[in-house]
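In what follows, structures are represented as structure tokens.
Two complexes are shown next, each including chain A; its partner changes from chain B in the first to chain C in the second.
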Partner chain A sequence: MTASVTLSGLRIEYGHHVAIDGLDLSIREGEFVVLLGPSGCGKSTLLNAIAGLEPVAGGRIEIGGADMTRALPKDRGIGMVFQSYALYPHMSVERNLSFALASAGRPKREIAQRVADVAGMLQLTPYLKRKPAALSGGQRQRVAIGRALVREAAVFLFDEPLSNLDAKLRNDLRVEIKKLHQRIASTMIYVTHDQVEAMTLGDRIAVMKGGEIQQFDTPEEIYHRPANRFVAEFMGAPMMNFLEGRIEGRSFLWQGQRLDLSGYGFRTAPQDGPAVLGLRPEHVHTTGPADGGTALAAQITLVEPMGPETVLWAETGGETLRIRAAGDIHAEPGQAAALAFDMPRAALFDAATGERL
Partner chain B sequence: MTRSALLQRIALYAFLLTAAAIFGLPLYVMVATSLKSMPELRETGIFALPRALDPSAWRMAWTGACTGLTCGGISPGFWNSVKIVVPSVGLTVLAGALNGYAMTFWKPPLSGLLLGLMVLGAFLPHQIFLYPLVQWLSAIGIYQTLPAIIVIHCIFGIPLMTLLFRGYYSGLPRQLFLAAQIDGAGFWRIFLCIMLPLAAPVTVVAVILQSTAIWNDFLLGLVFAGRENLPMTVQLNNIVNTVTGERDYTVDMAATVLTALVPLAIFLLSGRWFVRGITAGAVKG
Partner chain C sequence: MTLFKTDGARARWSMPLLALGPSWAIVLFCYLGTVILTFRISLTSSGMIPNGDYVGLAQYRKLLGSSRWETSFGNMLTFGAFFLAGALLVGTALAVALDRGVRGEAVFRTIFLYPQALSFIVTGLVWQWLMNPALGIQAAVQGWGWTGFSFDWPYDRGMAIYAVVLAGVWQASGVVMVLMLAGLRGIDRDIWRAARVDGISTWRTYAFLVLPQLGGMLATSVVLLSVGVIKVYDLVVALTGGGPGTASDVPAKFIMDYLFGRQNIALASAASIALLVTVLAVFVPFHYAAALRRRAREGAR
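Then we have the complex of A and B:
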């Protein structure tokens, strides 16, 4: 079962406060969409509105082409997985899984069959008689997912489902959720503030801030071609470097350096004036320019070995740059380095609006 | 054990023993006196152990002592109290659970105002309402009947019960309620299948609080129950204050212990549950 989800002109208010105003979002059948943003950006509000748990002040919600703006949660063909799992603590796993079907008044044989199927699929069969308190965190999360599966939901809604788990379990369950999506092909909408979850799970990511979608695109586009400075800052760790300078002709002027912009794909013809150059840490090289161009003299101030890579902090012209270097690099604080920028892969932002140029 | 720790221990036990004596001694005096005869009581004083266990005062208190004009003992009062307490406790606790659930999760319009009124209702002294309630119950023709006293206990009990349940439900994760909505459960199904079973600890507290309070009530029973339904506390008062000839302290004490027996038993049997219910803030899933 799968369905498309279309939001148009959606407006959500809390009293006099407008949380979301005129939001449009179109999600294809079977797509895995991640709503990503810092806390308070409206991503959970948006998810609750799709679920029917949050009243909508204006606009339209369509699920599978049908108008669901005012429909009850149970009639929307959705299943939802909550951050706190929200399992019924006094019921066994079996009754947790069957509660929705029993509420809908389905025949006992059908309920038993579907609960057995889902339990088998999620490897929960040995735990059916247990109460949630007697399960591990990962098992509880699987029960929560099972509760949505049992209902044969066309759209799965996940509200930060992994943020209560420890790091190792989080990685394991992330993979399980991805496998689940490949297997059942239902539409999935997944709220998180974790960029790793967003990058690894999403077919497309909607980066949100202040109740607005900043960019809605594939993980690759979001990472490599961020639509504005907020998206660029939010995605990627260590954070992108931002250099404030000027565009002059086909060059970026910064600290007396003239950086070549001829390989940069401008959206519109560039105009001379102040701008911000964004450089991912992996696009700053310590090995000097490959093409024999000018190198920037810098001094390394901090070395953070991560294993597969090493993050260097280097100072040049009063700015500190984050650099992603090879894991086997030998660097010491105080050491001099010759830096080169991978200019065609940089991002240029308007100094005033922060929009990509 | 170090010296200071030992001293602390001694001080702690001294305090606990004193506290136990303060509460235990009156109980001892009552029980001991009720098992004596009046001549024995006069000879030995109130702290002496009874020479033989003489149950005649208890029998007298239960079936023979005079409460006002009739001399049938305190047993009719006991059954009257049962008839008042059981429906009153059932109704107030159920209504409190339902109100608390509705106000916490469904947030009806004006729920803030309602809550304020409930707090007011729970803590205003009941005497203020006596006269208007007498007038009102007379007007609808049930003044001084069993339904009247039950209605009165409900009116005075529901605000506190609502606050109790609301406090408990506010501590439950709201996502539980949302999940049940997604699962297609409506107002009643969420209440009966999820929220009421989850509130078991606080329900125990509520039942204990209410049954003790209603059992111990004197004023409302006296005013509203009517002559046929006077609760045990009122009849106890009548026994103790009815003086014909010699005052028989042994019967008074036996009647008093009998009246106190129900709340005492409730606390002794459910003390563990009571503490557990009061401290059970969150039911973790």
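Then we have the complex of A and C:
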């Protein structure tokens, strides 16, 4: 089962505080959408509104084409997984999975069948008789996912389901969730503030800030063509480099250098004036320009070997740049480097508004 | 100072012993000592003052043959059952009502907890007035025109002990409420959300998901209330004086009467021992089962 989710003009208030004001979001059937943003940006609020757990002050929520703005949570065809798992601690795994169905008065055979299916899918069969306290964190979260699955919802909502797990388990469960989505093909809306989860899981990512969606697009677009400076800063580690300079004609003037913009895809015809050039660390090369352009003299100040790659910090003209280099590079602090920028893949932002140019 | 040797096992034991010693001494001599003394007196024919005239189990035979003891003991069981059930039910219901988000919760909490601050004597007197046919509720309701109305439990042989139950529940519900409310507030908010998404009704959520998690609070409440059941004395004295006749007598009052009023300390001692044995007979198996269960749970990890 699967359904589209459409939010239009959504407004949510906490007393006098407006958490979300006029938000539009359109999610296709079977899509995996990640809501990503810093703490307090309204991700949980939005998810709870879709679930019907948070009253809506204005706007409209449609699930599967039907107006659900005022519908009860149970009537929305959703399943939800919580950050704290929210398992019923005094019940066995089996009871946890079956309780909602039993409360709804479903026939015993159907319940048993569905619990067995879900337990098999999530490898929970050996633990059915155990209480949640006797499970590991990963197993508990799988029970929580299972409890949402047995209800055969069309839309699944996840609120930071992996944030209580250690790094290794988080990776494992992330892969499991992705496989699960490929298998059941239901719509999934997933809240996280972990960009790796967002990039790996999402068909599309909605980057949020202060209750507004900054950009809603595929992971590739978000990473390579960020819509504004906030998105560019938020996505990617190490962070993008930002150089403040001026646009003049087909060039970007910075520290006396004239950087060529002829390969850059402007959204609108560029106007001369102050601007910010964003460069991902992997788009700064230490090997000098390949096509005979000008090289930038810099000095390496810090070397961070990470295994598959090495992060270099280099100083040029009073600015410190982050550079992603090969893992086997030999570099020492104090060493001189000749830098070159991959200008066609850079991002230019308006100096005042931060919007992409 | 060999006592403060700092090496080896002795040092590990000497400090705790030194620290716990006095309290153990108090427990041993004062508590156990008086129990033994009481037991010894119960084997004598002592009257107003203890004597050394041992008569074996004669006092116990007399006690078990006494209809007043039988009434007292039965009353304690009745009171215990209804008081526990009543206080737990009313207290939990009040806690749930407050948890549902009543306006002015703090005010209600104080009002419901207030009786607890009163001594049993005051509670007893208040309810004695309320249930006094000439002054209390009965008089008021009859005054409004329902002349057939009667509410005079303390003066009714069959109902007197329930009058004590009523006053006891009124006094004790507040504590249960506070304990249960604390427990309810400790429940993960996501449990409630999960239940709403699952479409489980509010009352089913309380009955099957929330209240079963409050076992600890329930156990604490039961222990607190049970102590009250064993000790119930002042409430009876203030409310019914054990009457009419001995209809609402309880063991504690029986003991006090024989100890000071009727100057038969041997029989009073026998009754005390009987009461102690009863408490142990309930408490020891309960405690043992709990310890076994705890060990089983730790073993399973």
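Methods note: the second predicted complex is superposed on the first by the 357 of 357 C-alpha atoms of A that agree within 3 Å, B and C clash if a C-alpha of one lies under 4 Å from a C-alpha of the other, contacts with A are read in each partner's own complex, and residues count from 1 in each chain.
In this text, contacts are C-beta pairs under 8 Å (C-beta built on N, C-alpha and C of every residue); 3 or more make two chains touch, one makes a residue touch a chain.
None of these values were measured; they are calculated from a predicted model.
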State whether A:175 touches chain B only (first), chain C only (second), both chains, or neither.
-> neither
Return first, second, both or neither, reflecting whether A:132 touches chain B, chain C, both chains, or no partner chain.
-> first
Kindly classify A:140 by the partners it touches after superposition: chain B alone (first), chain C alone (second), both, or neither?
-> first
Both chain B and chain C touch chain A at residues 48, 51-53, 72-74, 78-80, 82-86, 88-90, 99-100, 103-104, 147, 151
Under the touch definition given earlier, write down the residues of chain C that touch chain A in their complex.
-> 188, 190-191, 193-194, 196-201, 204, 208-209, 212-213, 215, 300-301
So, in the complex, the side of chain B touching chain A is made of residues 173, 175-176, 178-185, 189, 193-194, 197-198, 283-285
List of chain A residues in touch with chain C within their complex | 48, 51-53, 72-75, 78-80, 82-86, 88-90, 99-100, 103-104, 134, 147, 151
Okay, in this complex, where on chain A does chain B touch?
-> 48, 51-53, 72-74, 78-80, 82-90, 99-100, 103-104, 132-133, 140, 147, 151
